[in-house]
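Right after this note come the structures.
Here come two complexes built around subunit A, the first alongside subunit B, the second alongside subunit C.
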Partner chain A sequence: MNPHTTPVLAISLALGTTITISSNHWVLAWTGLEINTLAIIPLISKSHHPRAVEAATKYFLTQAAASALVLFSSITNAWATGQWDITQLNHPTSCLLLTAAIAIKLGLVPFHFWFPEVLQGSPLMTALLLSTLMKFPPLTLLLMTSKSLNPTLLTAMALASAALGGWMGLNQTQTRKILAFSSISHLGWIAIILVYNPKLALLTFYLYTIMTSAVFMALNKIKALNLSTILTSWTKTPMLNATLMLMLLSLAGLPPLTGFMPKWLIIQELIKQEMTPAAMAIAMLSLLSLFFYLRLAYHSTITLPPNSSNHMKQWYTSKPPSTPTAILASLSILLLPLSPMIHAIV
Partner chain B sequence: MTYFVFFLGVCFVLGILGVASNPSPYYGVVGLVLASVAGCGWLLSLGVSFVALVLFMVYLGGMLVVFVYSVALAAEPFPEAWGDWRVLGYVVALVVVVLGGLVLGGFVGSWGFGVNTVDSVGMFVVRLDFSGVAMLYSRGVGMFLIAGWGLLLTLFVVLELVRGLSRGAIRAV
Partner chain C sequence: MSPLHLSFCSAFVLSGLGLAFHRTHLVSALLCLESMMLSMFVGLTMWPIENQTPSFTMVPIIMLTFSACEAGTGLAILVASTRTHGSDHLHNLSLLQC
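So, the complex of A and B:
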C-alpha cells in the first residue's frame, strides 16, 4: 500500500468510530459507519490477491446493505415520531429493521455468512481490526437503543449465534475462520444480555476484545494461518505457544482465566431475570466452541510432535519481543480475581 | 395531480424492478434512469425541489459514468434483456414480493399511503430544503466538513483499490 494512504485510512477509522459512538443523531451515526466501512476496505485488500479483493467486495456489499437499512430504519422512525434521537427509537418497524441491520453489521446468526469468508481473505491484523474495532460502533448503536428493542428476537438470534458459531467452527482447519466462528458465538453471549443488562454486554465486549486481540497477535507472531503451521511452531516460540494455550482456554471461558468472568456474570443475570432455560441452553451451546478451542490449544502445545526436528529449540531464529502481545496475554489470562472492580468500573 | 404522482410511483417501482431483475448492464441502466427520473419527480411533488434537482443531476450523472466504465470493462456479445426466461423469472418473483409488501402494508397500515408533503405549512418564507442547504454553511458546518471528508476518503479508497496495472482490483485475471 502507498505509505501516504495508510495514515489517511488510520485517521478515518478513528474518526468514523469516534463519530458513531459519540453521536446523538441518526444521520451522524450513519456517516460514521460509512466512513468506517470505506476506510477498512483497502486494508482488507492490501495484498491485492484475488481472494483479498473478493473479501473486500463481500465486505463492502454486506456493510452497504446494512448501512442502508440503518438509514431506512432511522428515517422511518423520524417520519413517524418527528425526531432523530438515537435513544428515542420508538417505532416498532424501525426497531425490527435496526435489529436486522446491526445483526448484519455484527455478523449475528441469520446474517453471519459474510464474516468467516471476509476474515479468511484478509491479513491477520486486519482480521483483528474487523473482529474488534469494526464491531464497536454497531454495538454502541445497539446499546443506545437497547431499551426499545425486542427481547425475544434478540434472545433467539443470540442462541442461534452461540449454536451455529460453535457448530460451524467444528470442522475448520484455518485459524482465521475458527476465530471468526468464535467471534460469532461470543456475539451471541453479548446479544442475549443486551436488553437485560447493557453494561454487562459492554463488559463482555471489552473482555472479548482483549482476549481475541491477544490470540490474533500471537498467531500473527508465529504466522500461523492453519492448524499444521501451529503444530510446527513450538520449536520457535515455546513460551508463546504455552501462553497461546492459556489464552485460547480463556476465550473458551474456563474458570481460573479471564474469559470465565463474562460468562459467569451473564448466566447469573439471566437466572435473576428468570431465564434459566436460556442460560442453560447458551452455556451448553458454548461447549461446542470449547471443542475447537481445545483442538487449537492441543495443537499449540502438542506433546508428541508429528515430524522430527533436528533441534529442540530453534534459538537462532530471530524473534523480536512484542510488548503489546505480552500485555494483552497477561490481561486475557489473569483478570478474573479483579472481577468485582471491573464490574464496578464498567 | 394525484394521478400524476401515482403514475410516477408506478414508474419508480417498474424502474426498480427493471434493475433488480438482473438483466445485462446495458438494459439495467434503462431501468435505473427510469427509476431515477420518476423518484426525483416524486420528490418534487412532495415539495423538495432543490433536493430533487441535486439528486437528479449528481446521482444520475455519477451512475451513468460508472455505467459507461463497467460496460466498457465487461463487454457481452449476447446481452440478456427482459424477454429472456432467467430475467423473466426474477421479474415474476419480484412482482410477488412487491404485491406481498403492498398487502402487508395495507394490513399493518403503519406507514400509510396517504399524501404527505415536506412543507413548513407557511411558517417560513424559505422552503425547507433550501434553508437546510443554508444551514450546512452556517451552524451545520461540522456536518458539512465530515460529509466532505467522507467523499474525499471514497476517492482515496477507489484510487488505492484500482491502482497499478497488474495488481489493481480491476484487471483481467
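So, the complex of A and C:
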C-alpha cells in the first residue's frame, strides 16, 4: 500500500466521526457515516487475502444498506414534519426505521450476523477500530434521538443481544470471534439503558472502549489469534499475561475491577425505573459471557490443563514495553474507586 | 401521502426487498443499492420544491456525490472478490462463517 494511504484513511476516519457526532442535520450525519464506511474498507482489505476481501464485502453491503436506511428514515421524517433536526425525530415510522438501521450498523441482535465474520476477517488493530470507533457515530445518533425511540423494542433487542452474544461465544476458539460476541453482549447493556438514562449509556460505551482496547492491544502484542496461542504465550510475556487475565475479568464485570461499574449503575437505574425483571434477566445473561471470559482467562495465565501440551513453547524475547497498552490496562483494572467522579463528569 | 411520496417510497422499499431477498450475484446487490440511492435522490430533490426552500437544493447533489463514491467502492470490492473467490456469487463468501 502507498505510504500516504494510511494517514489519509486515519484523517478520514477522524473526520467522519467528528462530522457525525457534531452534526445537527440528518444529511450531515449521514455524510459522516458514509465517510467512515468508505475509509475503513481499505483498512479491512489491506492484505489481499480471500478472507479479508470477504470481510470487506460483507462490511460494505451491510453498512451501505444501513446508511441508506438512515437517510430514508430522515427523508420520511422530513416529508412528514418538514424539518431535518436530529433531535426531533417525531414520525413513528421513521423512528422504527432508524432503530433498525442503527441496529444493523452496530450489530444488535436481529442484525448481528455480519459482525463476528467481519472481525474474523480483519487484522487485530482494524478489529479494534471496528468494535470501538466505528460504533461511536451510530451510537451518538441513537443517543440524540433517544427521547422518541420505542423503549419496548430497544429492551427486547438488548436482552436478545446479551443472550445471543453470550450463548454464541461459548463454542468459539478464535479470539476475534470471542471478542465480537463480547462486543454484542456489551451493546445489549448499552441498549437497555439508552432510553432511560442516555448519559449512563455513553459512560458504559466509554468504559467498554477502554477495556476492549486494552484486551485487543494485549492480544496484538502476543499475536494471539486463537486460544492455543494464548496457552503457550506465558513463556513470552508473563507480566502481560497476568494483566490480560485481570483485563478479561474486568470485561466480564467482576466487582473489584472497572467493568463492574457500568453493570452496577445500569442495574441500579433499571430497578429505579421499576424494571426489576429485565435487570435480573440481563444480569443472569451476563453469566453466559462470563464463561468464555473465564476460559480466556484460564488460558492466559499459567493454568494449564493436566495433560501434555501439543504446542511448541515460544521463545522469550525482550520487547520494549508499550505505553498505550500499559495506560489502557491500568485504566481497565483500577477505575472502580473513581466511579462517583466519573459518573459526575459524564 | 401524495403520489410523489408514494412513488419514491415504494421504489426504495422494492429495491430494499430486492437487496434483502435476491441473494445470488453481488452485482445485483450493488444495483439494488444504487436504485435505493436514486429513489432517495428523487425524494431529496422533490422536498425543496414541495416546501419552497431553495436553500436545500444543494443537498441532493451532495448525496449523489457520496452515492457515486459508494458505487465506486462497491465495484472495486466486486473486482477484488471476483479475483479472490472465482465468481461473484454470494454463496461463495463462506470462508468466515462459524
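As a convention for this text, the second predicted complex is superposed on the first by the 332 of 346 C-alpha atoms of A that agree within 3 Å, B and C clash if a C-alpha of one lies under 4 Å from a C-alpha of the other, contacts with A are read in each partner's own complex, and residues count from 1 in each chain.
In the analysis below, contacts are C-beta pairs under 8 Å (C-beta built on N, C-alpha and C of every residue); 3 or more make two chains touch, one makes a residue touch a chain.
Please read these numbers as outputs of a predicted model, since none were measured by experiment.
In the overlay built on the shared chain, the residue A:Thr5 is in contact with subunit B alone; subunit C does not reach it.
After overlaying the two complexes on the shared chain, residue contacts for A:Ala39 are found with subunit B alone; subunit C is out of touch.
Look at A:Glu117: by the touch rule set out above, it reaches subunit C but stays clear of subunit B. Contacts of A:Leu15 after superposition: subunit B is touched, whereas subunit C is not reached.
Judged by the touch definition given at the top, the superposed model places A:His48 against both subunit B and subunit C. When the two complexes are overlaid on their common chain A, residue A:Ala56 makes contact with subunit B and with subunit C alike.
Touching more residues of subunit A than its counterpart among subunit B and subunit C is C. When the two structures are aligned on the shared chain, A:Ala78 is found in touch with subunit C, with no touch to subunit B.
Within the superposed three-chain model, A:Gln172 lies in touch with subunit C and out of touch with subunit B [touch as defined at top].
In the superposed pair of complexes, A:Ala68 makes contact with subunit C only, with no contact to subunit B. Put simply, subunit A uses residues 27, 31, 34, 38, 41, 45, 48, 50, 53, 56, 76, 79 to touch subunit B in one complex and subunit C in the other.
Note for the complex: subunit A touches subunit B at residues 1-2, 5, 8-9, 12, 15, 19, 27-28, 31, 34-35, 38-39, 41-42, 45, 48, 50, 53, 56, 76, 79-80, 91-93.
Those residues of subunit C whose C-beta lies close enough to touch subunit A in the complex are 5, 9, 12, 16, 19, 26, 29, 33, 36-37, 40, 43-44, 47, 50-51, 59, 62-63, 66, 69-70, 73-74, 77, 80-81, 84-85, 93, 95-98. Of all the residues in subunit A, the ones that touch subunit C in their complex are 27, 30-31, 34, 37-38, 41, 45, 48-51, 53-58, 60-61, 64-65, 68-69, 71-72, 75-76, 78-79, 82, 116-118, 120-121, 168, 172, 177. Across the complex, subunit A is touched by residues 108, 110-111, 143, 146-147, 149-150, 153-154, 156-157, 160-161, 163-164, 167-169, 173 of subunit B.
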